[in-house]
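Right after this note come the structures.
There are two complexes below, and they share subunit A, which is joined by subunit B in the first and by subunit C in the second.
Presenting the complex of A and B:
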C-alpha cells in the first residue's frame, strides 16, 4: 500500500523526532494513493491510464513561476509542478515528506534537522543536495520573500551538516515554522542556477529548473505554459501524465465554456466564477471541490484606515459590521461557497478559532452606534461619506452589495476601482484611502498569516499586504510577539484566544467571508491523494482516465 | 392632414423609415422620462430574490439580476443616462468638428495643414481605444465619459465641414461678400455655415447612435463611473450569467439596439430628405 518511497531509506537519522514524523505520516494514511475521497477523484490510476495531456486553466497568467520570493498564489499554481518544497500538507495539515524525507525537532524547539532525499536530480542533471536548501533559505526565503522575514525571524542559522542533511538553528521556538515549509512558503531553488545572480531577475523564474515531476518546456505569453514528464523523477514510476498544459483564458465565462466543451480538464483556484459553478452541477461529469486551498485559510475582508479620524472611532467601525449581512453576501456574491466570517481567524482553523458571541447583522444597532458617534442623518439622509478601494479583479457585485447595505444606515460609499499597482500605491504608500477590500491568507498559524495585519511593527510604508489598517495596539503587539516565540502550546493558545478577543473588540479589520478556492475537474481526471495545499500539489500521481485527451 | 405641421416635419413623416425611427425614439424618450416614476424603485436596490426571470414574479416584471436588483428599474434609469451621454457628446463632437473643419477649410494653407494632420491623427487611432484611454486618465464621472466620447467623435464632422468649406470659400457669393468688406468671422458664420449645416444635421443623429454604443462599450468594460447604472454596465455585470440567465444581458442589449436604431433611422431619413431637397433645387 505504501508506495511513497520513505520507509526504505531512513538510515542516518534514527532519533525520536524522526520517528515522530514518520509515524504521523502513517497515521494520516496519505502516503499511498487513493485513501482520501471517494468516487472518481479517489480512484487510482491503472496501467491503462498512463500518459495523456492534462489541460488546466488558472484565473490569470502569472508574472513568473517562482515562489521562493513571491507570496502571490499565481506563480505557485504552475511552479509547484516543476519545483518542490521540503514538505507538503495532508488534509489535516500534518506534514508529508517531499524533498525532506524526514525531520527532527529538538525538545526545546530550537533545532530543526531535515534529512533530505538522496538521488534526486535537478531537471538539468545536477544532483540535489543540502547546499540547495541552505542557499534557498539564505538568499531567498529569509531575505526576499515578503512573509519569510516574519516566518524565519527566529532562525539564526541554516547549515548543511552533510550532503543530505540541513539544520536550522533558532534563537527562540517558532511553533509555526513547519507550517510554511511547503512549496508555497519555502520553494527549494537550484543553487547552481541562481548563485551569484539577482534572484528576482534570473531567467529561470520564467523557465524554471526544478526537481519536480514535470519539466518546464515552453511559455507562450498570452496563451499557455507547457510542462512535460520528468522521466528521472525521484518517485519511481511517477508521474503518470505525459504533460500538463496551463491555458490562460482571460474571460471567466470563456473558461467555463472551455471546460464544458472538454477543451479543458480542470480549472483551479476559483478560475470558474462562482455564479458559473451551477453549470457544473452534475456529479456524473464534474467534481467541484473547495478543499484544495484549505492551507491558505483565506479571508475576504475589509480594512479600515485607522488614521482617518472618523474611522478611528470604534463605534463607526462596529456600525459598519452591524450594517453588513455577511450571510446574504455569501449567498449572492459567492454562490454560497465558503462561510460568513466571524472574526480574525477563519473557523476552519478550528484548533485556534473561538466562535464570536456577537457582531451579527443588526441595522438598528448600526444606526444607534452612528448616532452615538455624533453622525446624525443629514437632510439627504446621509450621515457619512467614505470611499472603498478594491482591485479590478474583485467581483464588482461585492462592492455594489456593500454600498447598498451601508446606504440603509446612512453611510454613502464611493467605489474606487483600480488595477493592482494603483491599489497598492494608494493603500500602502500614499495612505490616501478610507476602506479597502482585500483577500488575506491566514495560513495554518496566526503568527504566520495574521500577525502582519495587526502588528504595529508591520506598519511599513510602501510594503504591500502589511498592516494596511495602520492599527497599533501595544497590548496586542505584546501578545502576538509572545505567541510567535512561545514553545508552550497551552500558553500560546491562550494568547491566540486573547488576540481574537482584542481584534474583535477593536475591529481594525472587518472579516467578511471565509473564502474557498474552488477546483472544478472533469471526472476523467483522477486525483488519488488530497492535500491541504492541493492548489500547490505536484500532480505526480494525477492521471487521466483512458482516452481522455481532448480533441 | 388636419394638424398644421411644419412642412419639414410633414415631409419627414412621409418617409416610412422616419416614422419607425420617430416612434422608437418616442418609446425611448418615454422610458427615460416616465420609466423611473413607473417602476418606483432604485435600480441599485437589492430589492428581491436574485435571478428572477421576466414574468416570474409580478413585482419584478422584467426579472432581477444575480444580486436581486430590479432589471426594469435598471432599464428605465439607463435610458436617461444613455440619451444624455449620447446627445451631449454628439453635440460636443458636432461643435468641435464644425469649428476645426470650418477654420481649417476656410483659411487653407498652413492652418488647414495643421488641422488636417490633427484630424488624421485622431482618425488613425481607433476611436474606441482613444475613448478608453481618455476615460481611464480622467477622474471617473459622467462628465469624463461625455468628454471622452465627444473628443473621439468629431473627426468625421470635421472632415465633412472642411471639404465643404474648401469648395465654398472660392464660390461667387463668398467672393462677393468679401468684396463688400465682410470679415472672416462674419463670412464663416453667416454665409458659408448655413449651407454646410444640412449635412451636419444629417450626421449628428448618426453620431448620437455611435456615442451611445461607445458609452455602452465603456460601461461593459467597467469604465463608466461606479455610481452610474448604464445599459452597458448591466450587460458587463450580467455577462457571467449569459448561459443560465441570458435576459440580464439580453434586455439592456435590446434597449441599446432600439435606441441606436432610432437615431440611425432618423439620420437616414434626414439624409433622404436633404437629398430630395437638393434634387428639387431647394
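Presenting the complex of A and C:
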C-alpha cells in the first residue's frame, strides 16, 4: 500500500545515522504514514491500471517549463514531471528524498551535505552527478532565481565532493533553506545542456531534459504539451502512465466543460474557477482536493499604498479591515475553499502562526475609526473615495464584494481592472494606485516568502512583486534580517512572533483569505502518495484506473 | 471570345492585380506598423514588465537590460522606421517574449486558422444560402417566418455564448463531439481516421464562427431572390415552362453570386477577428490566440507581425475576388472603376 520511499529506501534507513533532527527522521520510513490520503487518491494502482494517457489542464499556458530561474507556479506545474529537485515535501512538510538520497546538517547550521542518488540518467543518457547540482546552484538558483537570490544569500559556496556528494557552505545559518530545496525552489538542471549558454534563453527551457519519470515529447504552442514515460527512471517499475498531456484552454468555463465531458481527467492549480466547482460535486465521479498547494501557503491579500496620505493613516487601514467580513468573502467568492486569514502568516503554518486577538468584522468600529481619522460622512454618505487595482484573472466577485462591504461604512471603491502588464506598471513603476489585490506565497518559512513584502530594502521602483505597499519600518527590518540568519530556534520563533505583531499593528497588508489550490480529478485518477507540494509532484506513481472507483 | 481576346483580358487582369497590390498593400504595411507602434506606445506596461512579472521578479538592472534589448528605450520615430525598414527586407523580427522569429510563430499557427476559416466559410455559405432560398420560397409563409426568426436569433447571439452552449449540448450532454482542441490527444489516430477526427474537432468551432454570417448570407440571399423573381427574364423562363428548381439553380442564384462573393470578401476580415474568441473557447492553436497572447504579453514585434500578415492576407483575398469579378462579370470590365462594393448595393 505505501509506496514511498521507493527503490533504495532501505539505504535511507541505513543512513539514519547521518540524519539529524525531526526533518531527518521524517525523511525515512516515518513519512509513509502521512503519505496515504483518503478516497481514490489513496488507492493504489494494480497491474491492470498500467499505461494510458493522463489528460490534465492548467490555468494558463506557461511561458517556458524551467523553474531554476523562475518563481512562478506555471512552469513548475508541467516541468516538475520532467525535472527534479533534491527533495520533496510530505503532507506534514517534512522533507522526502528525491535526487538527494540523504542529507546532513552540521550542528552550527553552516554546512549542508547531500548524498546524491547514483545511477540516475538524464533523459539524453548522460549520467547525473554532483556537478549538475553545483552548476544549477551557481549559475541559476543563487543568481537568476528571484526568490533564490534571497533564499541562498547565506550560501557562500557549493562544492562537489566526488561524483555523488554536494556540500553547501554558509556564512550564517539559514534555517529555512531545507524548505526550499524541492523542484520548485531548487530544480536541478543538466550542466552539459546549459553550460556556457544564456540559461534563460536556452532552448531546453522549452524542451526540457531532466531526470524525472516523464520525458518531454512535444509542445504545440496554444494547444498542449506531451510527455511520455521515461523507461530508464531511477524508481524501478515507475511511472505507471504511458504519457501525460497538458492541455491549454484559455476560457475557464470551457476548461470545466472539457473535464465534465470526459476529455480531461484532471484540472490542477484551481484551473476550475470556484463558481464552476459545483459542476463536480458528485463524489462518485469526481474528487475535489485543496491539499496540493499546502507547500505554497498562499494568501489572497490587499495591499495599501502607504505613500497615499489618506492610506498612510493607520486608522483608515484598520477601518478597512474591520469593514470586511472575510468569512462571507470566503463563502461567496471562494466557494468555501480555504480559510479567512487573520494575519501575515497563514494559520496552516502552525509552527509560526500566532492567532489574532482582534481584527475581526466590526462595522461599528470601522465607522468610529474613520470618524477619528477625520473622515466624516458627507451629504451623500461618502467619507472617502479610493481605487482598487486587480488583474483580470481575479474572480470579479471578490472586488465586487469588497466594494459592497466598504460602501456600508462610507468608503467608495472604484474598481480598476487591468491585464498583467498594466497592473504591474501601475503598482510597481508608476505607483499611481491606492490599493491592490494580489496573491502571495508565504512558503513554509516567512523568511522565504513574506520578508520581501514587508522589507524596506525590497522597495525597488519598477520591479514587479517587490514591496508593493512601499512599507518601511526599521524595527521590523531588523527583526526580519535577524530571523533570516538566526540558528537558535527559540530566539527565531520569538522574532517571528514579534514580526506578526508588528505587521498586524501597522497593517500595510490586509490578508483576506488563506488560499487553496484546488485540484479536480476524475475518480479514475489514482494518486497514492500525497505531498505538501503536490502541485509539483512528479506523478511517477499516478495511474489511471480502468474503471472509476467510488470515493 | 477569341484566343487573342482572352489573352488580352488576362493580361489586363494581371496589370489590374499588380497595380492594386502596389497601391494597397504598401500603405497597409506602413499603416499597420504605425498604428501598432502607436497603440503599444500608449498602452500601460511593456514586454519587460510582463517578462519580469511572469518570472516572479527581476532586478532593476535586468529590467533595464531587457528594455534596451527590445529597443524600448529608443525614440518612437527610430523604432517605427527601423521596423519598417526590416519589414521591407522581409524580416518580421524576433518575438520579444519568446526570442524566436515572428515569421515562424505565425506560420505555425496559420494552418489551424485557415482550416477553421474554411470550415466556417463553408458552413455560412451552405447554411446561409440554403436558409435564404427556403425563406424566399413562400415569402410571408410559415417557413419564411421560421427562417426569419432563426436569422434574428443567430444575428443577435454572441459567438462565445453560442460556442459554450454548443459544447454543453453536443459534448457534455450528448457526448457526440469533442469539447475543444484540434485533435484527439489521448489516443492519436492516423490516416483517414486522423482526418475524420480533425473534422469532428472543427465542426463546433466552425459553426460558432459562422453563426453570425449564416444570418447575413440568409438575409442577403432571400432579399436578392425576391428581387430577381420580379425580373422579366424569370417571367420569360417560367412562361417557357422551365422547372422552378432549374430557374433557381441556373438563373437566379448565379445572379446572386456577385453580392454574396462581395460579402465573402468582407467576411474574411471578420473571420480573422472572430477567431480570437472562438479559438479561446475551443482551445485551438490558431492565429487568434497568438494575437491575444501577444497583446497580453506586450510583445510588440509579434503583435505587429500578426496584424501585418493578416491584413495583407485579407487585402490579397479581396484583390483576388476583385480579379474574379473582373473576369466573370462584363459590367466590371466596361464600367471603369466599378467596385465590387457598389455591385453589392446594386443587387439589393
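Everything below uses one rule, namely that the second predicted complex is superposed on the first by the 512 of 551 C-alpha atoms of A that agree within 3 Å, B and C clash if a C-alpha of one lies under 4 Å from a C-alpha of the other, contacts with A are read in each partner's own complex, and residues count from 1 in each chain.
Operating definition for what follows: a contact is a pair of C-beta atoms (placed from the backbone, for glycine too) under 8 Å apart; a residue touches a chain by one contact, two chains touch by 3 or more.
Only a predicted model underlies this, so the values are computations on that prediction, with no experimental measurement involved.
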Quiz item: Between subunit B and subunit C, which makes contact with more of the residues in subunit A?
Solution: C
Exercise. Pick one for A:273: touches subunit B only (first), subunit C only (second), both, or neither.
Key: first
Practice problem: May I ask you to decide whether A:191 touches subunit B, subunit C, both, or neither, giving the answer as first, second, both or neither? | Solution: neither
Quiz item: So, does A:332 touch the first partner subunit B, the second partner subunit C, both, or neither?
Solution: first
Self-check item: Partner chain in contact with A:215 - subunit B first, subunit C second, else both or neither
Solution: neither
Exercise. Determine, under the contact definition given at the top, whether A:253 touches first (subunit B), second (subunit C), both, or neither.
Key: both
Quiz item: Where does A:396 make contact in the superposed view: on subunit B (first), on subunit C (second), on both, or on neither?
Solution: first
Practice problem: Pick one for A:404: touches subunit B only (first), subunit C only (second), both, or neither. | Solution: first
Quiz prompt | Footprint overlap on subunit A, where subunit B in one structure and subunit C in the other make contact | solution = 253, 257
Practice problem: Note which residues of subunit A are touching subunit B in the complex, please. | Solution: 252-253, 256-257, 273, 275-276, 278-279, 328, 332-333, 392, 396-397, 399-401, 403-405, 414-417
Practice problem: State the interface residues of subunit C toward subunit A in the complex, per the touch definition above. | Solution: 43-46, 49-60, 63, 97-99, 105, 108-109, 160, 163-164, 167-168, 171-172, 175, 178-182, 185-187, 279-286, 289-290, 292-293, 296-298
Quiz prompt | subunit A-touching residues of subunit B, taken from the complex the two chains share | solution = 44-46, 50, 66-68, 222, 226-227, 237, 239-244
Exercise. Show which residues of subunit A lie in contact with subunit C when the two form their complex.
Key: 53, 55, 61, 63, 69-72, 74, 146-147, 201, 220-224, 226, 245, 247-251, 253-254, 257-258, 260-263, 418-426, 429-430, 460-466
